[in-house]
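Each of the next two complexes has subunit A plus one more chain, namely subunit B in the first and subunit C in the second.
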Partner chain A sequence: MQRDCTINTYESDNMAIISILGDLTSSVEESMKKAYKKACGYKTDKIIFKFDGKSRINSTGIAIMIDIVIQSQEENRKIFITGVSKHFHKIFDLVGLSRYTTIVESEEEVKNL
Partner chain B sequence: MNSEDMSNSELTEDALARRVYHLNMLYELNQEISILRNVQDVLESSLLYIIGIFGLRNGLIAIYKENYTFPDKIIFRGISEDDAIKWLHRMEPHVNQPLTHKVFTIRDGAFSLTSLFDELNFYISLPLEIDENMRGLIVLGKKLSEKAFDQYDIELLSTIAINIQNILSNVLLIEALNKSVIKETRIRNVFQKYAPQSIVDEVLNPSNAELLLGESQEVRSMFEKMIIRLEEKHTLEQDLNLANEVQNYLLPYSPPKVPGIEIAAISIPARGVCGDFYDFIPLNTYEMIISLADVSGKGMSAAIVAAMLQSATRMCIGNYCPITAILSILNSFLYRHTDTNRYATMFFGKLDAQGKTFTYSNAGHPPAILYRDGEIKLLETGGLAIGSFEYSNYDQDVVYLKPKDILFIYSDGVTDAGATIESVSFDDSFGQKRLEEVVMANADLEPNLILESISNEITNYASGNSQFDDITMIIMKVHY
Partner chain C sequence: MEAIYHDVIELSVPSRLGLEKVAIDAAASIAKLMGFSEDRIEDLKTAVEEACINSIEHGNKQNHNTKVLVELIADENKLQVDIHDMGKRIPTKIQIPDIDAKMAKRQSSRGWGLFLIKSLMDEVKFDWNPETGNMTRMVIYLKK
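Here is the complex of A and B:
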């Protein structure tokens, strides 16, 4: 059963956080784009996508992440991802997202990077 | 599972994870686009899935109508519209050429398109043949992982392309059907309002004209109900014909040629569409995967699951993957994606014509018959029907083939023939023993003639009782 997705963007400790509660699919493409745009408005080059640990990400969600990651490369922003299960970590490896993002255990880790 | 299979499985854990991810996404893609009702939505959704499945930087799908000179629709991601149009403009001379009727990759150095791909940073193109007046192209860019497209990717893409083609054909047929229903409604309205003789003669059976022209409200109401029922029946028949067309398309056009082995196969649905399927998937000149499955239930719902299972099976095939592991994957896949009461029996095997072996695993399916030197052996090794439990393991066995061996794989529609749907038991059915006798009696014939003999025997036996279960048969004869 697909879970609804709620996306919030905020700034914390000089990092932009995009919090994703629920499943990431094509239904939230516009919200994700808006969230990324808002995150780019903060004075930081570190953007963390914070999943809730139970999020399911299908291939349309992966496609959305790819768009954002490619854009962030062009803009020299650093993308971090936290709160994804081992399974999705593997999927990110499979589709190449891990090459352009850093998957971390928590946002605390990013502070020291 | 033997030790070699075990090491194969361990070595390919990542590969299996990749296949399971792809299988799930293919299933989701089919689920999502099969409910869409316009071409634009189907294309947008498909491209998004493809990009996510392979982790691509960019891609586009273009649809061409009739003269194939300029795309009727373009859907793109990861590139600008100008670039997409520019690229397709360069591609146009090739769209109507036979060369585009295959999957191209950047490695196909022999083709003139390669330089175009290189120049424009696209890496793969595959055609869509939606109907005789509509074609399309899927063009995909680099992977984010920088890895090249491999043979497995190309097979997966081809499966996806076939699914998109089928869905687009459905959407177009539904559009055409809607137009036809609108036309019929208009005619009916005109008839009700004016009842001119010319329309009555044209649209209705003239023998009913006198009755239908009556002004009685009751007759008019009966007439309306009749038309609604006819429309429903017409729509249902259209859907059934469409499903039957799709199924026929999925079945192998003809059995593949394998050195030293002759093969014939047939599938006869009980209700227009079939919950059975068979498939031959060549791995190389000598090796081939053979499957025959029977999905529980009948009619359209079973046919949909059968088509899904057939696609899933094709996606799981790989030289390195043991057949028992494939059955385990298919088992979990079917369990997760269907109701708990939906399962399938499956006879699954790998034929090696060079090594003269047939390795098989039987997932709850009627045992295949091996006829050799006047003796019958039943091939039963395997496990439970797939889709019954979330996890299931399977055993396999190897048949070392000898000249004149006959291998007969079939669905239970063969042995149950003659029974009726109201039957409490299958005591009156054609049965296993009778089937074995027919195979033995006709063993000297060519495979297609053996199938014909079995079909005739079944028809004669069941005379008077309509066929209530799908009948599917594969026969292989060794000619070393």
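Here is the complex of A and C:
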């Protein structure tokens, strides 16, 4: 009954992109872990989670992101978030995840960082 | 002068993860009809989602033969959403989630549901009794 979620991982301009079309909930936990693992295989320390602008996140989705950010810190990788709705951004601020990730307008922005 | 109204809508949702979407969409539809802003409707959708998931997972233990009852009570200046399940008491006094503690692995990465509900709604009340189970009451006010 949840919005279908499609996750794709690819490399672009020396950045790893994890494209997420759908909602970040418990149903995508394993897919997210696999996507992150694949992203770590690229020779870059920049990993961008690219949402579709309509994606929602719930409490389990928050936990999934926290686990990924913890792992990324241990591996000295930087996590960027893009394509999020105003509400998604609000949730990230509310729980404090925006202090541990960088929310950007587009992946273009990350190229210059 | 606007009419004073008090509309009650009830939904009975099987305890199956994913079906909380029915309650989310119903709450959002009513809130939209009442004139809530898009921002507040998004807050409501997240709170209803978390409360329903709690009832499905922790209250009714995902027993598909049990139901989660959702009451949407629309008044002139507020929307009240009561979520009922038939389970044992769900702990509502939990450790306050702390992102720094979670990042340092001193807390589990989970446990955000009640925090989100309390943060996003204007009023929240949790109740339980052995005959009727758990009830989560959430209220948002129209601020014109």
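The definition used in the following text is that the second predicted complex is superposed on the first by the 112 of 113 C-alpha atoms of A that agree within 3 Å, B and C clash if a C-alpha of one lies under 4 Å from a C-alpha of the other, contacts with A are read in each partner's own complex, and residues count from 1 in each chain.
One rule holds in what follows: a residue touches a chain if its C-beta (ideal position, glycine included) is under 8 Å from a C-beta of that chain, and two chains touch if they have at least 3 such contacts.
In this text, all values refer to a predicted model and were calculated from it rather than measured experimentally.
Participant: Clash or fit: subunit B against subunit C, after overlaying the two structures on subunit A?
Facilitator: Overlaying the two complexes on subunit A (C-alpha atoms) leaves subunit C and subunit B clashing.
Participant: Answer with first, second, both or neither: which of subunit B and subunit C does A:Ser12 touch in the superposed model?
Facilitator: After superposition on chain A, A:Ser12 lies in contact with neither partner.
Participant: Would you sort A:Arg99 into first (subunit B), second (subunit C), both or neither based on which partner it touches?
Facilitator: A:Arg99 sits against subunit B and subunit C alike.
Participant: Tell me the contact category for A:Val69 with respect to subunit B and subunit C: first, second, both or neither.
Facilitator: both
Participant: Just to be sure I read the superposition right, which of the two partners does A:Ile91 touch: subunit B = first, subunit C = second, or both, or neither?
Facilitator: both
Participant: On subunit A, which partner's contacts cover more residues, subunit B's or subunit C's?
Facilitator: C
Participant: Between subunit B (first) and subunit C (second), which, if any, makes contact with A:Thr60: first, second, both or neither?
Facilitator: both
Participant: Once the structures are superposed on A, label A:Ser26 by its partner contacts, choosing first (subunit B), second (subunit C), both or neither.
Facilitator: In the superposed model, A:Ser26 contacts both subunit B and subunit C.
Participant: If the two structures are placed on top of each other, which part of subunit B overlaps subunit C: 163-171, 199-207 or 433-441?
Facilitator: 163-171
Participant: Hey, what residues of subunit A end up touching subunit B and subunit C alike?
Facilitator: Common interface on subunit A, subunit B vs subunit C: 26, 58-60, 62-64, 66-67, 69-70, 90-91, 94-97, 99-100.
Participant: Touching subunit A in the complex: which residues of subunit B?
Facilitator: Those residues of subunit B that touch subunit A are 14, 17-18, 21, 25, 28-29, 45, 48-49, 51-57, 77-78, 143-147.
Participant: Residue numbers of subunit C touching subunit A in their complex, please.
Facilitator: My answer: residues 17-19, 21-22, 39, 42-43, 45-46, 49-50, 53, 97, 99-100, 102-103, 105, 108-113, 115-116, 119-120.
Participant: Considering only the defined contacts, which subunit A positions touch subunit C in the complex?
Facilitator: 1-2, 26-27, 56, 58-60, 62-64, 66-67, 69-70, 73, 85-87, 90-91, 94-97, 99-100
Participant: Could you list, by residue number, the parts of subunit A that touch subunit B in their complex?
Facilitator: Touching subunit B: residues 26, 58-64, 66-67, 69-70, 90-91, 94-97, 99-100 of subunit A.
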